[in-house]
Amino acid sequence: MLHEVTSEHYFMGRLQHGEDLLEALNHICSQHHIELGKITAIGAVQKAVLGYYDQRQQVYQTIRLDWPLEIVQLTGNISMKDDKPFAHVHAILSDASGRTHGGHLFPGTIVFACETIIHVFRGPVFQRVLDTTTGLPLWNMP
Amino acid sequence: MLHEVTSEHYFMGRLQHGEDLLEALNHICSQHHIELGKITAIGAVQKAVLGYYDQRQQVYQTIRLDWPLEIVQLTGNISMKDDKPFAHVHAILSDASGRTHGGHLFPGTIVFACETIIHVFRGPVFQRVLDTTTGLPLWNMP
Amino acid sequence: MLHEVTSEHYFMGRLQHGEDLLEALNHICSQHHIELGKITAIGAVQKAVLGYYDQRQQVYQTIRLDWPLEIVQLTGNISMKDDKPFAHVHAILSDASGRTHGGHLFPGTIVFACETIIHVFRGPVFQRVLDTTTGLPLWNMP
């Protein structure tokens, strides 16, 4: 279930203080017509909303962290969902004691400072459609 | 102790629900003759086995997590061990409270959904041999 | 605030047992004249110093972990600060129970074993200067 993709180009830079992290990443994808790619970032957030997928109930539970945290690592991929570029992003955040919190990135996570590298690929269309086994929108490729 | 390597190509896709995560990655490496590379992934697992290397005793201790977890971040490299492609993989997993668990990925970690990007390099042979200082199979390069 | 950069080459290898992790990475950047890039690594450390940025006081607090830990994931970027190559690095470390600790990597983190891949980019000059909003040295690009 793997497909060969080729490297097209890279974007490197920082997001703006006060932006919604996930919305900013999705906006970049739309604006630059990035239909396939990979995102990594480090930085800090003012607050965050992470998700955990309940595999039995097949719903996301959200975890609200209403305090400043380091973005120790953010990793995401970019593909198509409902014919639009869609960033699927996971993040690990840490607090003043070094304790980490992780999960699926939700809107409501606000940038303090964020340095990102986006790698744009060219390849077959990776389209997300509902996968009945998991209840998740997964790539519908053979 | 760094060597220049060049980018060859990329594979992007998802692993199958119910697969053993580490065995699936090693199988991909063997099948596609990937002798040097880098792996990243996000997703979720049904259960996991992680390892911690006891630096004094020079043995891995394993940590069993028998419940569903997000793969917040998986990072690995691919090189040669005993003349076969070998994936060395670390993973960070998170639970319903956002708490994270990390370590060296062991067999027994079962895929719920997993989206991976494998970057294939060309370069000198990176062969793992026993390093007597650490007790680990490390690259034997000058 | 994103800039297009191009892939130049890659270095792959391991750091030396007993080295200071952050100083070793900065030394590699200086030695190989790497002015723009990305770092990833996995491995283990003998002890570590991580930082958390207090967004209100605008100072880093340090967290000392004086025991052996896995490097579950290290991510960094390379740019220029005070006209010298500068590695900005975040790390996630795990202990014998799988518990993770994360933050901004500080000197005082000592390598047990560390396998790294450094991706060198070519692009505009990414120079860090003091950002008055955050108190951090951020890229001064439009």
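Chains: A, B and C, in written order; residue numbering restarts at 1 for each.
Note that in this section a residue touches a chain if its C-beta (ideal position, glycine included) is under 8 Å from a C-beta of that chain, and two chains touch if they have at least 3 such contacts.
Keep in mind it's a predicted model, so treat the numbers as computed, not measured.
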{"item": "Rotation angle (°) superposing Cα atoms of chain A on chain C, nearest 5", "value": "120"}
{"item": "Copies chain A and chain B touch via same or different residues, half shared test", "value": "different"}
{"item": "Gap in Å, rounded to a whole number, between the CA centres of chain B and chain A", "value": "21"}
{"item": "Per-residue multi-chain contacts in chain B, two or more chains", "value": "7, 73, 92, 100"}
{"item": "Residues of chain B touching chain A in the complex", "value": "7, 9-17, 28, 32, 40, 42, 44, 46, 68, 70-73, 92-100, 112-113, 115-118"}
{"item": "Chain C to chain A touching residues, read off their complex", "value": "1-7, 36, 38, 50, 52-56, 61, 63, 65, 73, 75-77, 88, 90-92, 100-104, 121, 123, 126, 131, 133-134, 136, 138-139, 141"}
